[in-house]
Each structure stands twice: as C-alpha cells, then as structure tokens.
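Next come two complexes built around chain A: one with chain B, the other with chain C.
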Partner chain A sequence: MAETILEVNDLHTWFGKKKYRFGKRKGEFKVYRFGKEKGQYKGGKVIRAVEGLSYTLNRGEALAIVGESGSGKSVGVSTVMGLTHSGPTTRVTGRVTFKGQDLLNTVSDPKEAGLFKKHAAIREKEFRAIRGDQISMIFQDPMSSLNPTMKIGRQIVEPLLWHKGKLRQEIQDEKKRLLNEGGKEALKAHRKDLRMRNFARARGLKLLEEVGIPSPETRFNNYPFEFSGGMRQRVMIAMALIGDPDLLIADEPTTALDVTVQAQILSIIQKMRKRKNTSIILITHDLAVASSFCDRVIVMYAGRVMEEGSMADFIRCPAHPYSQGLLNSTPILGDERARLEAIQGQPPDPRNLPSGCPFSARCTKCMELCTREAPPKTQLTPGHNVYCWLCAGEKVQEKEADING
Partner chain B sequence: MAETIVKARDISKYFKVGHRQLKAVDGVSFDIERGTTLGVVGESGSGKSTLARVVLDLIPATSGSVEFMGKDFFKLSKNERRLLRREMQIVFQNPFLSLFPHMSVSANIAEPFIVNRKELGRLSKAELDERVADLMDLVGVPREHANVYPHELSGGQQQRVGIARALALNPKFVVCDEPVSSLDVSIQAQILNLLQDLQDQKELSYMFIAHNLAVVEHISTHVAVMYLGKVVEYAPTQELYRHPLHPYTQVLMDSVPKLSEGGTEFSGIEGEIPSPLDPPKGCRFCTRCTHCTKRCTEEEPVYKEVEPGHFTACHLYD
Partner chain C sequence: MFKYFLKRLGYIVLAVFIISALTFGLLQLAPGNYLDTQRILQQSYSSATMSDQMRAEWEKFYGMDKPALQRYADFLINAVQLKFGPSYQYSNQRIEDIIARTLPISARLAFSAILVALVIGIPLGIIAAIRQNKILDRVVVLISMIGSSVPAYVMAIACTYFLGLKLKWLPTIGWGEPKHYIMPIIALSLGPIGTVTKYTRGTLVETLNQEYIRVARAKGGDFIRVTFKHALRNSLIPLITVVGPMLASLTVGTVFVENMYAIPGLGQYYASAAVNRDYPLVMATTLIFAIMVMGMNLLVDMVHAFLDPRVRVSLTTKGGK
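Coming up: the complex of A and B.
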C-alpha cells in the first residue's frame, strides 16, 4: 500500500471584498466582514475561488492541476500551504491532512464556521516548520520570490538554518559515520566541515551543482540580478529541495521560460523526484507538460473540479466537455488539423457564477438541467471521476422526476 | 506566381549598450508572399521583436533594405512612407497595454480612421460608427461592448479589439508579436482561428512571432528559426518540422513537451544561451552544440540553400 502524504477534503476558499476606508490611525484598513448568511458579504458578493476541492496524494506520486487562468489553481495550493488562511476577508473551510497531521482544523460546513473562529489548529510556528521542511513550493515568478539584496548562497542556505534540529541530527549522523570509518583522526580532520554553517553551505553547493549551475562556488556569492531567468528558476528549485521535502508544490514553474530551458528545469525536477521519491503537485495550463510529467490530473474550472483521474485515462478518454474542449483546442506538435476546435465564449466572472454547472454557458452539450443544478460526482472507472450531467446516468432521470413530480 | 509582399534583405540592427555594440539582428533576409504566414521562433532575446520592429520601420535599421509591395521602403520620402505604413500593422502580446485605457472600445477601434482622416477623407459620425460596427462583427466582439473600457474586458476580448484596430485600414501585412502568449488555451484557439479566417477572407500576409512551436506550426506556411540575432534555419513549415537540419532546431523540437499517456523523460541541453553582447566566435550555437567541431568555433557557417527551399547555416551541411 502506498503511503498517503497529503489528503485534501472538501476545501473551500472564499474571498470577500476589501474596501479601504480611512481609519483612525494612518494606513489602517477597515474591511467588510462576512455576513451571517452563507456566501453573503455586506456590500458585495463573495469570490468562491475554490469550491470543494478534494484529493489524496501518495508518496512519490505527481499530480497535475490544470485549468484556465482564474480557476483557483494557485489559491487551492496556497490554502494547502497555509499561505491563504481565514481572516477578515477570507474564509477557508475543509480539511487538509499532511502525513496524518491536520493542517487546518476547520469545520467542514461553511455555515457552522463562526464569524471570527480561529481556524489555525497548529500554531503558526509549527506550521512554518512543516511548510519549509516537509512541504516546499516553487513559484511562478522567480524574481519576486528571491530577495534581490541578498546573495544567492545565503538565500539557499537560510531555510536549512531555520530547521536547526534536523540539521543537527544530520551532523550527528555524519559524525558517527566518520567515526566508524576513519576513527578520531577523520573526525578531527573534518572538524570544520561539521560546523553548522559550513555543513549547510556544502549542502547548498552540492545542490546548486545538481540543478545544473556551473561553477557554484563563484555563483554562491552572486546576487539574483546577475542570473538569467532560467538560472533563477533553478536557484528556486534548489531552495525548494534543500530541506529534502516530502511534497513539492510547483506553481507554473516554467511558464515564463523558453522551451529549451523548460525542458532542462523539468528534467531536473523529474530526476529529483525519482531519486528522493518526492510527491509533486504541478500547476500548469500546458496540457502537454502536465501529461508528460504527472500520473494524475485534476481539471478545475471556476473554482470547481470538473474531472479527475489518471493521466492516461484523461488523455485517452476525457469525459467532461470542458476537458474535451481543452484537449481539442491545444495545438499539438505534428497534428494536421487545419483548424482548432476552440471553446466558444469566455470564462465566467468569479463574482457572478452561473447557477448549476459553471461551464454551462460555454458547453455545447448543455441541457436544461445543467443550468439549474450543479452536476454530481460520477465515477466512471475507479479513480476517474467527472462532474457532468451527461455522465450522471440514472441520476438525471431521478432529478427530472424530482422536478416534474 | 504569387506576389511577394515583403522582401527583406540583410537587415541588421545594432544597439549601443555602454561602449559596446549589441547585434540584436544581424544580416537577416526573408520573403513573405501574399496570403502566407512566416512564423518566427527562437529563444528569448534572439531578436524576433527587434526584427519585426525594423521591418515595420518602427525603429530605424542599421543596415539592409525592406521592399514592401515592390517599393524600397527605406528609400521613400517621409510622406510616402507614412502612406505605405498604413498597409502594415502590428498586434502585440499584451492586449491591454496596446489599447488606450481611457478610451472606449469603439473609440479605440475608430482611432486609426481619425488619425488618418486627411488621406481617407473625414468620415461622418454615422459612417464611422458603421465601420467600427463592421470591424467589431469581423473580430467577434459583441456590439454591447462598444462603450465599455478595455479594462472591463477579458484578455481574449482585448486581443480581439487590438486585432480590429490593426485591421481598420485594411492592411496587407500584419505582424503578430506573440499575440496569444498571454491567453488561456481555450481563448488562444479562438484567436488563432480568427487570425486564420481573416487571412482567408482578406488574403493577409502575417509575420507570426511566438514561443510556442506547436502554435507556430499550426498557423505558419514558412518558419524561420532565430538564434542570437541570426536566422539559422528557414523552410516551409512541414519540411522544417519533419526534417529539422540545424542542431539548434533539432534541440528546440526535442524540448517541446508532447501529449502522452505514459509520461516522457525530459532532457534539456547543457549550457546557457550566451550573452548577445559577446556572441561566441564562429558558429553562434557552438557553445551548446553536440556536433561542434574545431571548425565551428573558428569559422562562421554561411547561410545557404541546402535542399530546395530549405536554408540553414551549419557546417554539417557543407
């Protein structure tokens, strides 16, 4: 049985409207807060950025989250990471379990969540330990997540020094190894290397070399602006991997890069994954990247899951009209179609989602039922689920009967 | 014989950076025939946008000539040039930045008619409205959007407005500089289809710049591959994608992720793209090329026709 690393259960993230008003103190923000009613804000509608996201991720597995811009991919993972959490304008409900640990202890029903309920189950400090140590994240824009005034080397090694306990343990192990192999002499000779900072530095250098940065010794003392975009992205990867995370979340890690650099970066992540059996969540809107990298896929649209399943199932027989549309509108190298089959229309306004299936306005197979009620989950084959009335089978008749009778 | 719309010869554009010269475009030649599309691909910084801007005379060329519909563009008088320039338009990557944010959609589309009122003759309000409405229909922007402002539109709609404005004066030649790169896949396909339809209707010629090789394959009839300011390979699309000759083109093709059921291994090439400020001696690709010989590091390969219609610059094909 594969070990489950991450379990996300019915995650909802809603954003309210921020409104700036002059407070008594300079720069003070006053914000509208959630009203009592579900989904209602005083003074505006709620953006339901993520609506009922659930998945489990096993050790060593790679999951792709694909979907249009604004479909809630980034918010979904930043909620899992705890970077988006409940606050005056944000409400998070659902359950996230990472290696058995509850990351957000919240009530599953949004109605039950009280007005100012404290959602954090584990204190911020503990969460931070998990975040940097066992879960890491690669962001879309490497420049904005690197500190421009700090040397690259220091930025890489820093996270290691935050988690001193783990580092100390590793130094002890290394000491034991040296003692066994070379006795006291060896220990003495390597005394300097075993200092915490030097030990961390050596790790950093090795990692830089692994991600393909030539002459890491000199590069260690450079500032981010002295690197090209692709190299910065590699530094980000090195930073994300230095703590040997169990879970790596990559949010569009290669979108801004050239194809040749993209291939390089993906091959580095792929090798790391093989060597360390890391679980990966890859967010992308490039189906080709997702399909060559991941074992499983979740397709999101307007904050909701449309289809989920193994990558092979998804590519071979996509069931949801949106998935089919995505595949049909992606130009593929070597295909000879004269025209792409585009999905007509525009993605819906997140503040103003249509009732029923969020895709209904653009769907060519839309039925009356679709615009009235959100489609239920239908299992096609084990692990391959789709949220569409077309696939719902008997449930459609039941619903029709309900309505008519 | 098809009519040649654009004939560019030996175009170079050098920028001065400090005391040094940056050869952004270095001796590029190509032809574009009526109703065809030249796709331009290449790494970031290889000079694609600079080439486009030189061809459109948005920035002056350092050397070289562009013949546009039989007239030597750079030799014309200022006024003649201005008239001719109406026949060529550009669509940019960032649709929002290329529209006037303080003007409504219809005003944005009407702008070219107003700017060129001297030559076109002043249009009455009703005529102007009719032309704008026609253009909006043509590119598929609903008429209700005539009075909204660009920021209220989605990226795809903004790009449609940008295309409408580019087509207002019935150009013969349109440069599309990464027109779909910032759009979602589903919207990207809509815009690509639109560009193809417009080409069929109006016999437009395009120069289509993009990162995405699959998109370029889909829309182009010919493709030029650029590397550090030079065209390293040029051929009809099918030929180039089936039999890439230049090692850089081959690497490029191998790097493109493909749809697959079982996952694929990625393999990047080693080495960084060298600084355009001091490109390697000899062949510019030699620092990253797996076939590199001593000759490649010393002597620059000539750009020549290796097979009929298929040009490349590489010592492997001497």
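Coming up: the complex of A and C.
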C-alpha cells in the first residue's frame, strides 16, 4: 500500500454575499443580514461551488479532475491550497488531510476563532510552511501569474527562500560533502556558493535549464514581459517545482497555450513526476490530455462528483450519462463526422441548483426520480464509483417505494 | 536611456522658447502698461504727478522705448545668461535676486507639503486597501474625500483659528523659524494627502486582486511579503505620475496660503507682478513655472522608467531611434 499524500473528505465550499453573511460560529450555515438572522442558506443567495468532494491521492499518483467550466474544479483545489478559506462570506467545511496533518483546521479566519486569535495565527503560519514547499501549484494563466516588475529569477527562488528549512538542510549536506571530498580548502573555495541566496540561485538556474529555457543565466535576470506565453508557463513550472513538492496541483496548466507547447509542458511535468515521485492533481477540460497523463479521474459537475475511478475504467466504460457526453464530445483523430456531439443545454446556476441530480435537466436518460432525489454512490468495480440512479440497481425501487409508501 | 533624456531636454528648451514668445506677445497685446498705471495711481492720491519728461526717463531706464522685437531679442539674450534686469515695481531689486530669494521658500514649502502628504497618505491608503470595505476603510476614504475637497485657503483659515487663536500653539504670522512652516504645510498638504490616499488605496486594491498575488500566496508568502514585496511596488508606480505634477503645481499654487501667512515666497510676487503689469517679473516667473512643470514631468518619466522595467525598455527603444 502506497503512502497516502492527500485525503479530502466531504469538502464543501460555499460563497455568500456581502449582504448575506455566514454565522460567526464554525460550520454554521445560518445567514445574517445586517446582523439579523435570516435562517439557513437557501437557493438564490449562496453559490455552492463545491458540494461534498472526496478523494485520496497516493504518492506518485496523478489524479485528473475534469468537468465543464464552473463545475467547481478550481475552487476545490484552491480550498485545498488554503487560498480559499472560511470567512464572513465564504464557508468551508469538510476535512483535508495532507500527510496526516489536518489542513482545513489550520486555516481559520482569525475573526472566526474569536478569543483564540493568536492560536489561529499560529496555525495559519503552519499552513504557510507547507504551502509552496510541500504543496505547490501551477496556475492557469501564465500571462498574469508573474509579477511584472520583478525579475523572474527572484520569483523562482522565492519559495525556497521563504521556506528556509529544506534549503538549510541541503546546504549542510553540501558542506559535509565538500569537507569529505576536499577538506577545508574546498569548503573555503565554495564558501560563496554556500550562501543561501547563491545556493537558491544555482538551484533556480538548474531548474530553468530542466524546463527547457535556453541560456538560463541571462534569462534569470529578465523580466516576465520579455518571455512568451509558453516560456512563462515554463517559468511557472520551475517556480512550482523548486521546493521539491510532494504534491503538485496543476490548474489547467496548458489552457492558455497552443497545442505544440502544450505537449512540451506536459512532458516536462511528466518527467519531473517520474523522477521525484511527485503526486499530481491535474485540472483540465481536455480528456485526451487527462487520459494520457493520469492514473485516476474525477468527473465534477455543478460542484459535485459525478463519477470517479481509474482512468482505464473510465475510458473503457463511462457509467454516468454526463461522462459519456463528455467523452462523446471529444474529437478523435480520423473521425469522419462533420459535427461533434455536444451535451445539450447549459450547466445549472450554482445559486439555484435543482433538487435531485444536478445534471437531470440536461440528461437524455432522466427519470422522474432523478429530479427529486440526489443519487447515491454506487460502486461498479473497486475504486470506480458513480453517482447516478441508472446504475443504482435495487436502490431505485427502495427509494420509489419509500416515496410512494 | 541617456539619449532619450537628452531628447526630452531638447524638447523642453524648444517649449520654453515658444512659451516665452507667446507670453511676450500676449503681454504686448494686453492693454495698459506699468508707467501709465503708476501715473494714474499717483494722481489719485497726490497732487504731484509724473511729468512727461520723467516718464520718458523711466521708459529709457527700463528700455521700454525700443521696438517690441528688439526688446524680445534683448530679453532672450539676457535670459540665457540668467539676467532679467530690474523689476518695474521693485526698481532697486533685480529679478534674478528676487527669484533666488523667494523660489527656495516656495519650493521648500511645496516639497514639505508633498512629503507630508506621502508620509501620511501612503500608509493611510495601504491601511484602507488592506481593510477593504471594513469600517476603518470607510473612515479613511471619507477623510481623504473631505481632505481633497476642502480648498487650501479654507484649511488655512481653520488652522489659524484653532491652532493659532484658540489653542495658541502656533504663531499666526511671521517668518523665519521652523514653527512658522507648520501651519502653511498643514494647509497645503491636506489636499495632496486626500489624493495620495485615494490613489494608493485604489491601485493597491486593484493590485491585490491580480493573479500574481494569488501565486505569491500559493508560494507560501506571508502577509508582509505578499503585500509589500509584490503588491506595493506595482501599485505605487501609477502614484508617481500624479505626485510629480502635483509638486510643480503646488509651487505655483501657494499664492493664497503665502498671502495668508505673509510668507515671502514666489507666489506672492507672481500675483502682484501680474496685477501691476510688471512685465519682466511676469516673464521670468512664467518661464520658471513652465520649466518646473516640464522638469517634473521629465523626472516622473525617469523615475517611472526606473521602477517599471516595461517602461524602461519602451523608452530606450524609442529614444534609440
């Protein structure tokens, strides 16, 4: 059994509004308006971006999260990163465990903690120590994700310099190695290289070369505007990988790039993954990319998981009508059809999700039960689960009997 | 970069020349002249009037008898050597001496006011941006709005009344000691404080919403690093473009406050020169202000280029041609 890196359990992320705020107590879903209680959050006031997301990720494994725009993929990972956390207008519940450490309960709004303000600040500090060091993220848009007035070299080495523990350790190791090999003279000769800044710089240069940026020495001192989109995405990758993370979250890393650059970028990430045994969460629209890259897949729709399973199972026999629709709308080389088959309609308004299955309005196989009750989890094969009444078997009869009786 | 600087300097020289010609021409077209107004004034309060002979002598003394073009040529030749000749109203003082004495006072005043505005306005703006939409932010925004909408002379009166008359902390009039600077600076800096605060808040809020700020947080940056290392620099760049011209216009626009506190600054001379048709002084002060405004703009562009690498590159490529 491989080591579990990340475990997400029943994650909910809800967004309120300025007018309608969440209650002060943790996990409370009551709404207040101008301090007056307005009851539980109902439709129309709150965006339920993520509703009950659960998954586990082992070391070295790659997980794809796919789905249409606005299905909660990005919010889901940004909650895991702690970039979205509970506040007056945001509510996060559930459990995120990273290498045995509960992350969600480290990120609490100081206000929410009330008397324990100091405590909350310390916990936030602990999370910061993990963020960018053990978990790092590649963002979607390379054009706006780099600080325009800072040299890229500095931006790349920042995660290292901000988490000094690893760096110190490595410098100590290097010192020992030098001492063993060349004695004190060697140590003296390399004294400059052993300074934290220079050491980090050397690492950054090496990494820039690895991600395929020619003449890294000069490029290191360039500004972002002197790079093209593909080059910037490489810089972003170098930045995410410099801390040797255990978990790399790639939020649509290739969406803004053209196809040839896409392939290069993905192969860089793949290479790194192989060598360092990094776990990866890849968020993408592109099923072709996901299937070539990932071991497992989660299909999300309207903030909910529709289907999850190993990539092979999913491609061979997608069970959920939504998954089938997604696969049908993927172009295949050599396909002679004039038009791709698209799923009819639009995703539902996240403020006003229908009761029952969120996909029911667009589903061609929709039954009466689907519009009333949310489908239960059904296991098809070990690890391959689907949330659909069609696959629920006898549960359908039970439920219908329940309703009628 | 240097080439670009020289080019801009060339433009400034050209612009100053054109401004001098325009000002000179306009002054020629303006009705009345210094000697005639003096004559009428004298008639009004004494029986002894300026005789025609005296007038002719004065004219000769000031060089008013020569044709306009020649006078302009003389002016230009002298101006290049920084000689502006005697002032009409202060005939015992040369204009270059007046300016050398008064300009530093006005400039010091304007500079201190801007400095105060930056020292107070930027932190206020930062606080407001960080506590965006919270009560503290609302209070700061309200104060800055009031600050930038109250004119300096109203503020000067309020200062005199409260700090000078009621509390008796500061002298209401007089010049020479540091304490005399305090009230004028308060009066002058209030508007800029409001502007700087509003600007800092606005740009910082915008910058904090940028994607690269999220990235910096994802890298594990703490509040201080993210706000000050990543956001602040980018949000202060637009501020520089406001502060430079503000400084120039403040040096010119201290007339009211200088009058109110009887400060021997340039603003006072400028106003009285225009009223009394003291043409040489008008010419000299106009040119100085023109040079200051343009110089400030050049300085702003240089600082801008220094802070923003993108601008630096665009300037060098344009300037290189």
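We take it that the second predicted complex is superposed on the first by the 359 of 405 C-alpha atoms of A that agree within 3 Å, B and C clash if a C-alpha of one lies under 4 Å from a C-alpha of the other, contacts with A are read in each partner's own complex, and residues count from 1 in each chain.
Assume a residue touches a chain if its C-beta (ideal position, glycine included) is under 8 Å from a C-beta of that chain, and two chains touch if they have at least 3 such contacts.
Since we're looking at a predicted model, the values are computed, not measured.
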| item | value |
| --- | --- |
| Clash or fit, chain B versus chain C on superposed chain A | fit |
| Touching partner for A:C317 - first (chain B), second (chain C), both, neither | neither |
| Which superposed partner A:C294 touches (first chain B, second chain C, both, neither) | first |
| Chain B versus chain C as contact partner of A:T149, first or second or both or neither | second |
| Partner chain in contact with A:F139 - chain B first, chain C second, else both or neither | second |
| Larger contact residue set on chain A - chain B or chain C | B |
| Contacts of A:A202 with chain B and chain C, given as first, second, both or neither | neither |
| Least C-alpha distance (whole Å) that remains between chain C and chain B when both complexes are overlaid | 8 |
| Complex interface listing, chain A residues touching chain B | 68-69, 212, 228-231, 258-268, 270, 285-289, 291-295, 311-312, 315-316, 325-335, 337, 339-344, 346-347 |
| Contact set on chain A toward chain C in their complex | 18, 81, 83, 125, 128-133, 136-137, 139, 141, 144-150, 158-159, 162-163, 223, 225-226, 236, 239 |
| Residue ranges of chain C touching chain A (in the complex, touch as defined) | 133, 210-212, 214-222, 225, 230, 233-234, 237, 307-310, 313 |
| In the complex, chain B residues that touch chain A | 43-44, 154-157, 184-190, 192-193, 196, 211-215, 217-218, 241, 251-270, 272-273 |
